[in-house]
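Chain naming follows the written order as A, B and C, and within any one chain the residues start at number 1.
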Amino acid sequence: MALLETKNLGISFGGLRAVNAFDISVEKGQLYGLIGPNGAGKTTIFNLLTGVYQPDEGAILLEGVNLTGKRTIDICKAGIARTFQNIRLFGDMTVLDNVKVGLHNHYPYSTFEGIFRLPRYRKVEKEMNTKAKELLEVFGLESYADYQAKNLPYGQQRKLEIARAMATEPKLLLLDEPAAGMNPNETKELMETIRFVRERFDMTILLIEHDMKLVSGICEKLTVLNFGEVLAQGDTQDVLNNPEVITAYLGS
Amino acid sequence: MEMKINKTKISKTTKNDLITYGMVILVYIVVQLLVSTGHVSSLVQGLLVPFCTYVIVAVALNLTVGILGELSLGHAGFMCVGAFASAVFSLAFKESIPGGLRFFLALLIGAAAAAVVGFLVGIPVLRLRGDYLAIVTLAFGEIIKNIINALYLGVDSNGIHFSMKDALSLHMEEDGLMLIKGAQGVTGTPNDSNFTVGVLLILITLFVVLNFIHSRTGRAVMSIRDNRIAAESVGINVTKYKLVAFTLSASLAGVAGVLYAHNLSTLNALPKNFGYNMSILILVFVVLGGIGNIRGSIIAAVLLTLLPEVLRGLSDYRMLIYSIVLITMMIFNWSPNAVFFRKRLKQTLTSGRKA
Amino acid sequence: MSFVAHLINGISLGSVYALIALGYTMVYGIAKMLNFAHGDVIMIGGYVVFVTASGMGLPPLAAIVISMAVCTVLGVTIERVAYRPLRGASPLAVLITAIGVSYLLQNVALLVFGSDTKAFTNVVTMPNLELFDGQLIIKSVTVVTVIVSIIIMVGLNLFVKRTKLGRAMTAVSEDKGAAQLMGINVNGTIAVTFAIGSALAAVAGVLLCSAYPSLTPYTGSMPGIKAFVAAVFGGIGSIPGAFIGGILLGIIENLSKAYISSQLADAIVFSILIIVLLVKPTGLLGKKILEKV
């Protein structure tokens, strides 16, 4: 059974059909790329998968469980985490606290226990700190732990966003144009990080990307989207050699 | 290396909190010394409890404005609920419960009543954003004040009577006790609060708010403030945590109301003590002390209440000065140009130091 | 008959709200900020007429023109000094600054004119309308206020829809950045918006004080807030909406005063704001805006 499956997913905004009859099947452990020209509906698909938008039709299945119509937080709890095209960190909080917010649902204690600093507060906070620092270390961010997130360099902000997403212990990680705004060196480093995350956490990753080099370098499978519809789908090399895809990207 | 970072961080926030507590205690000792040596005029002495009231509401409001990131212009309304609920209780049990216990119970009742109203107001209000949220909290504050002004409440051998029309429609027995007399408010509340009680309540408020901020719940609330969509994406229940923070903030404003009510023999819901002008005055304290800066709220509340009393000649210009300072502070702190300028200044300074 | 009288009083009050709401809705619709100080500009407008007409003995029309000029300059100055530096800052910061400006105006008025209530001389000197053998009296102020607010509403609507400047305003309200790229002077357009809004505030001030002839530094703040309620009720940013919202709110307030409780009339007015925002946040005639993720 595929880890993530969508069936005939579709949504319209006003008269515009943003996504139509979208089917995808991502196997566990895969690194899957979602590419397409600007406005093809890639981010809309992420928003559908994470419950930010509700689809007009179709279904979303994670490990066979139907997530269609669920709220964002329930989808997160079900195991889908994401990053954003325009980085969305908790800017005024520290880097460490950003990750600790990601850990929120896995390390519970009540507000009352927190205010009165009861034993469970001390125990859980300690566990959280250890876990959060472990994650920061994985992403090479440990020396920034006390920085305000908004003061991090751009590349590190991207990494922190991924670290925060990983803190929710997802089954599937959605990365929305992680290389946007990066120079070739940073992009290369990011590719390493993505590969590393996949190895280390045995993670399934679905990624939106414009950077062809990054896509062909790390993705095994691709789906190409054009005007909200699937143009091509399959192994990376086959898809990239598909004449229709070349036309959509370069014009005829 | 890593452990070291951790240790310094934890001790840094704890140290900051301890400084705040220490500051309050120090001021308390100094004021007590000044009072006992007769250096404080009776006028200023009369202001000591209202000081504490302002400080508590300012800290409570900072929880909403600075930590939750929403502007409430209705905190005077929550104060009003706390004040009236507790005053009615204390008046009704004036004879039957001894002072200390009665005030303690009154505190719990005031805080609980304000929390309930805060929760009920929060459910609809927190769905709104920004300007609308601010104006609706203002509306709720005014509604609360209006309702209390129209409320008649009495108790006699037949039980509790209430009316929204006038005292006569209560149909009370001869021996009955009027608790709330409409616009005339509550008369005869026992004088249970004093400066020491006020400072104790400030310390409790600080304890609750500071520990809340450093807890898991506090982090969830701040994450919503910084980026609601990202907070949802990592599984934070936005509605729940907004409500928790808002209710706690309202309940602490209620505590301030209890303190206020038990310092007066007659309690009225007037525009000047529970109207939106009061909410705005408290907002001035919060802004001047630094949004999100709890210690700053305390300092601002004390300084801004004290200064005009000390500099009597300035008292006519007090509100004028407040407003000018408020506008200047906002522009200096928030204008994109000023932010950019400060950033560059900081960079020049730090790079200068390195070289 | 008393119901009709209450209704007419409501329309009278409502048309003042409508006038104020028109200014609110223009500024909110275009500059996207809640100009909390709008009500206090009204109060200043009232004082200017008081000084020039009652104090210096100028004819009412001249006093009104001077008042409009003063308020226009005041509005543009406030925008330039306090609001423009904060363009692009968080809405919370802008709102708090606007509250500061509101406070400033109130306290300047308090220092200059004192806290005592000034008896405002009605500037509308026409005879009252008497109907049904004097059973129903419609004050001339009411008639004038209703007519003036209708004229202004229609005029503003035409201005925004038909003139080049008006269309520039619409463009700025949709997207400041794009408008700038299209060669529209965004700062200039917003300044004009404030100028128009403040001139309207002066007119509203005169009519408010003529209908309810007592003037204090706080005269403007409550009507200002209620007019904002009216603007939200009608759909913020919509000019006909502000008018309809204002009239309806005035009627509701007066009827609640007459038939429910004068103590609770304000509470009822504010409850309407809350109900509207919860049931139909866009108001009667407003548009919906989607948040982009």
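We take it that contacts are C-beta pairs under 8 Å (C-beta built on N, C-alpha and C of every residue); 3 or more make two chains touch, one makes a residue touch a chain.
Being a predicted model, the structure only gives us computed values, none of them experimental.
Q: So which chain ends up closest to the centre of the protein, judged by Cα positions averaged per chain?
A: It is chain B that sits nearest the middle.
Q: Tell me, please, which chain's centre (mean of its C-alpha atoms) is farthest from the centre of chain A?
A: Measuring from the centre of chain A, the most distant chain centre belongs to C.
Q: Just the number, please: Cα centre separation of chain B and chain C in whole Å.
A: One centre to the other, that is 31 Å.
Q: Per the centroid of Cα atoms for each chain, what is the distance between chain A and chain B, given in Å?
A: So the centroids are 41 Å from each other.
Q: Based only on mean CA positions, could you tell me how far chain A sits from chain C in angstrom?
A: Whole-Å distance between the two chain centres: 48.
Q: At least two other chains touched by the same residue of chain B: list those residues.
A: Those would be 229.
Q: Using the touch rule from the top of the page, what residues of chain C touch 2 or more other chains?
A: 293
Q: If I count partner chains per residue in chain A, which residues reach a count of at least 2?
A: 52, 84
Q: Which chain C residues qualify as touching chain B in the complex?
A: 33-34, 82, 85-93, 95-97, 99-101, 103-104, 106-108, 110-111, 225, 228-229, 232, 261, 263-264, 266-267, 270-271, 273-274, 277-278, 281, 293
Q: Any idea which chain B residues touch chain C in the complex?
A: Of all residues in chain B, those touching chain C are 65, 69, 71, 124, 127-128, 130-132, 134-136, 138-140, 142-143, 146-147, 149-150, 164-165, 182-183, 229, 276, 280, 283-284, 287, 316-317, 319-320, 322-324, 326-327, 330-331, 333-338.
Q: In the complex formed with chain A, which residues of chain B make contact?
A: Touch list, chain B to chain A: 2, 5-6, 9, 207-208, 211-212, 214-220, 222-223, 225-227, 229-238, 244, 292.
Q: Under the definition above, what is the set of chain A residues touching chain B in their complex?
A: 50, 52, 72-73, 76-77, 81-82, 84, 88-94, 96-98, 100-102, 104-105, 107-109, 111, 114-117, 121, 124-125, 128-129, 133, 137, 142-143, 145-146, 164-165, 167-168
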